[in-house]
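Got a structure here, written out as structure tokens. Questions coming.
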Amino acid sequence: MKKEKIKARIMDAAKIKRAFQRMAHEIIERNRDLNNLVIVGIRTRGVFVAKRIAKLIKESEGVDIPVGVLDITLYRDDFSDMGEQHIVKKTEISFAVDKKDVLLVDDVLFTGRTIRAALDSLIDLGRPKTIQLLVFIDRGHRELPIRADYVGKFLPTSRRERVKLQMDEIDKKDEVQIIEPAGIN
Amino acid sequence: MKYLIKNGRVIDPASDTDETLDILIENRKITAVDTKINDDTAKIVDASRKVVAPGFIDMHVHLREPGYEHKETIRTGSLAAAKGGFTTIACMPNTAPINDNHNVTSYIRAEAKKRAVVNVLPIASVTLGQNGEELTEMGELISAGAVAFSDDGRPIVNSQVMRRALEYAKQFEAVIIDHCEDPNLSAGGVMHEGLSSFRLGLKGIPASSEEVMVARDCLLAQETDTAVHLAHVSTRGSVEIVRRAKARHAKITAEVTPHHLVLDDSLLEGYDTNLKVNPPLRTKADVISLQEAARDGVIDVIATDHAPHSRDEKLVEFDLAPFGINGLETCVSLILDRLVHKNKLSLQRLVEMISTAPARILRLENKGQIRPGADADLTILSLTQEVVVDVNKFRSRSRNSPLHGWKLKGAPALTIVAGKIVYP
Amino acid sequence: MAFNHKHLLGIESLSASDILTILDTAESMAEISTREVKKVPILRGKTIINLFYEASTRTRSSFELAAKRLSADISNFSKSTSSVVKGETLKDTIQNLEAMNTDAIIIRHASSGSPHFISSFCSSSVINAGDGTHEHPTQALLDAFTIRQHKKRIEGLKVVIVGDILHSRVARSNLLLLNKLGARVVLAGPPPLLPPEFQHYGAEVMYDMDRALEGADVVMMLRIQLERQKRIFFPSIREYRSLFSLNPERFRRAKRDAIIMHPGPINRDVEISTELADSAKSVILEQVENGVSVRMAVLYLLLGGKEREIPD
């Protein structure tokens, strides 16, 4: 029985930094009115991605974009895949989303179900003017018609592999890894 | 039919016997008891490695007929008794109608004669309708066949009435059996009042509710110089009161059930209604005290207080379930396994409590002893047979026993009533 | 932190870790009730029955709101509207309800042990909303949640519970929970309503309320039930009030930042003076609000994120 192991390291810290900078500029380009923009990061890693984007936009344009945290546990529909029951944490969005341009942010886009749950949750919170989606990695294998507006990297993978965005804030380094799951080869 | 019971270990406390003997029975009587009997005309019953005792007598049984035949009938109760090793049972009068007049008493006797496989002796009530106020016509009831009087199920609350009943019964030398409970102290209670009841949130029946009446009965018995038999004693306080009364030579006899000798209130955790009984299961300390009192003779009798209830009646919320444990078929195995085999009660003492003493108290001259001329009622026990209690195999109509699944060592092997084998 | 229980029958069967899981989850649930759309879809499609054999609008509507905020379908049955009036047994009632494919049954009943009883034969999750004088687990949980909101912790606090302890399932559940989380519990009341046996369950027993209140962090007043025949337990309301009512003078013995709690409904000027009931120290209304969050947490942990077991 094999243990889980890292199959490939796709991006290092430098590549990741460049991807973030590019995405920040794309956002600035496409959003005329930055003062109407709010960013909502999906727990857990999406939040850190969101905060980095907000920081880069501030550095470039001097505008403070508010960042909120969205917990979508109570909107999920994929429990049989999840296995054990998920701990539900707080959603912390201190601003109203009505009439705002919401930038929804997550680390990895896979089946699209997380984003679907996030959309349902956002719409229960209010009536945004627009919703855009930013993901750091798009790894394919969509099960729902969902696509991101801003992508850090497109990464074809096989279904059973896992993709991890390691981040300095949590894992003490920046790296994108493809992981071969444990089990028979 | 002649039977020769050979090579059994005969235990008969009435004659101080404990040795290997043969017994010859014919025409409903024991005809010979000796070391080696030879009789070619008799059918041999091999009792080697078994204990042969005078037929067990359960002097506290609820047969439910007339009136509650869905729980038990005289016939089914007797079948259960035979399986449990009992040759005689005395049935309590809280039927419907209550056995407070000679018609009901005669009915019970007649029905028993026709359909019961063991001896069934009616106990009539002390007061009309068990109302605790007016005395029954005891003379007539005795003529109809009643062997004792009791309002069991209920206490006789009014002390004046109890005193008059004792004085009146004196002329017949009949014993009054009292169910000791002060209904004001016990009101609404469903289990013993103590640590367990507080945890489980169930209303408790304090020990004092029994002890208050035990003390009263001992004092009245002393004052009137009459005999009182205390049903199902359950607390160590009661034991102490009886001990002191006997020391003063009051004519008190006391009875204990097999469940009170073994089970305690900690078992009620799961709210099993099969453990709901009145008097309730008490604490471990009370159980130990009762076992001691059984050994030293403060308690005279073991009686089951067999109280059958149908399955639906017990399958309800704890508060609503009726009180009662089904005991005829498990009594002997339980006592053998948990007391005799654990050296908490000797075999001789067991036989004395479950045969010799009840016969004496109910004044059954030809029962409770093994001698030529006595009735051929015999209980033959295996001390080693292992049984697993299975309520679904009960002969009783009801299944309300908390012992389902219990593994017990020791069981009745053969039951003979009036010279006939009635079990197996 | 997995919550591996099918039923919530009482605090007795919960570990300290289970209790903390419920309280933490309740925090997240509280946020939902502040939104404009107070609903999340997590229990969509689940069927819950509120089976209340005892009168209660407070607990029942709290459970009802909790279920609806999680998008479950909930139906109310009370003693008077059901066939109990026609003599149907509890067992038959439950089996009839289950025949409609329920996922959970919330039961309040006057007989202690009824939730245990029905859990032995029904396949739905059973939630105890108060059984006789035995337990009322969700009340103790929302009380703990409220205490934690104000005091940030439970461990080490001195909690005083005053009143008819003997007949109180709220007192019993609170006692169990507070002990599991390391608080110090003092019970106060007149002797007939406060059996000394409670010392065996981790509480100090005092008959002098003034002494009991010294240095208290939390004062929990219980309702004196005027419905039962209380003449036997204490001679008059007047006497009870003078000895055990919470008034401002007495309350001064507690810590300065002590909070006042009550499971409700309160008897003003019997167990607690009107001015204290309405003061800033009283968190009674918060308890009610927290009741919904805590019950949402319980429903989620028992039913959420699980597929229904299809019986073989």
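Read from first to last, the chains carry the letters A, B and C; within each, the first residue is number 1.
Basically, a contact is a pair of C-beta atoms (placed from the backbone, for glycine too) under 8 Å apart; a residue touches a chain by one contact, two chains touch by 3 or more.
For clarity, every value in this text was computed on a predicted model and none was experimentally measured.
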Steps in the shortest chain-to-chain touch route ending at chain B and beginning at chain A: 2
By mean Cα position, the chain sitting nearest the middle: C
Centroid spacing, where centroids are CA-atom means, of chain A and chain B in whole angstrom: 78
Chain centre separation in whole Å, for chain C relative to chain A (CA means): 41
Mean-CA-position distance for chain C and chain B (Å): 46
Residue ranges of chain A touching chain C (in the complex, touch as defined): 71, 73-76, 79-80, 82, 84-92, 120-121, 124-126
Residue ranges of chain C in contact with chain B within the complex: 89-91, 109-114, 116-117, 131-135, 169, 172, 195, 197-198, 200-201
Residues of chain B touching chain C in the complex: 194-195, 198-203, 270-271, 312, 315-320
Chain A contact footprint on chain C (complex, rising order): 1-3, 21, 24-25, 27-29, 31-32, 35-37, 39-42, 70, 300-301, 304-307
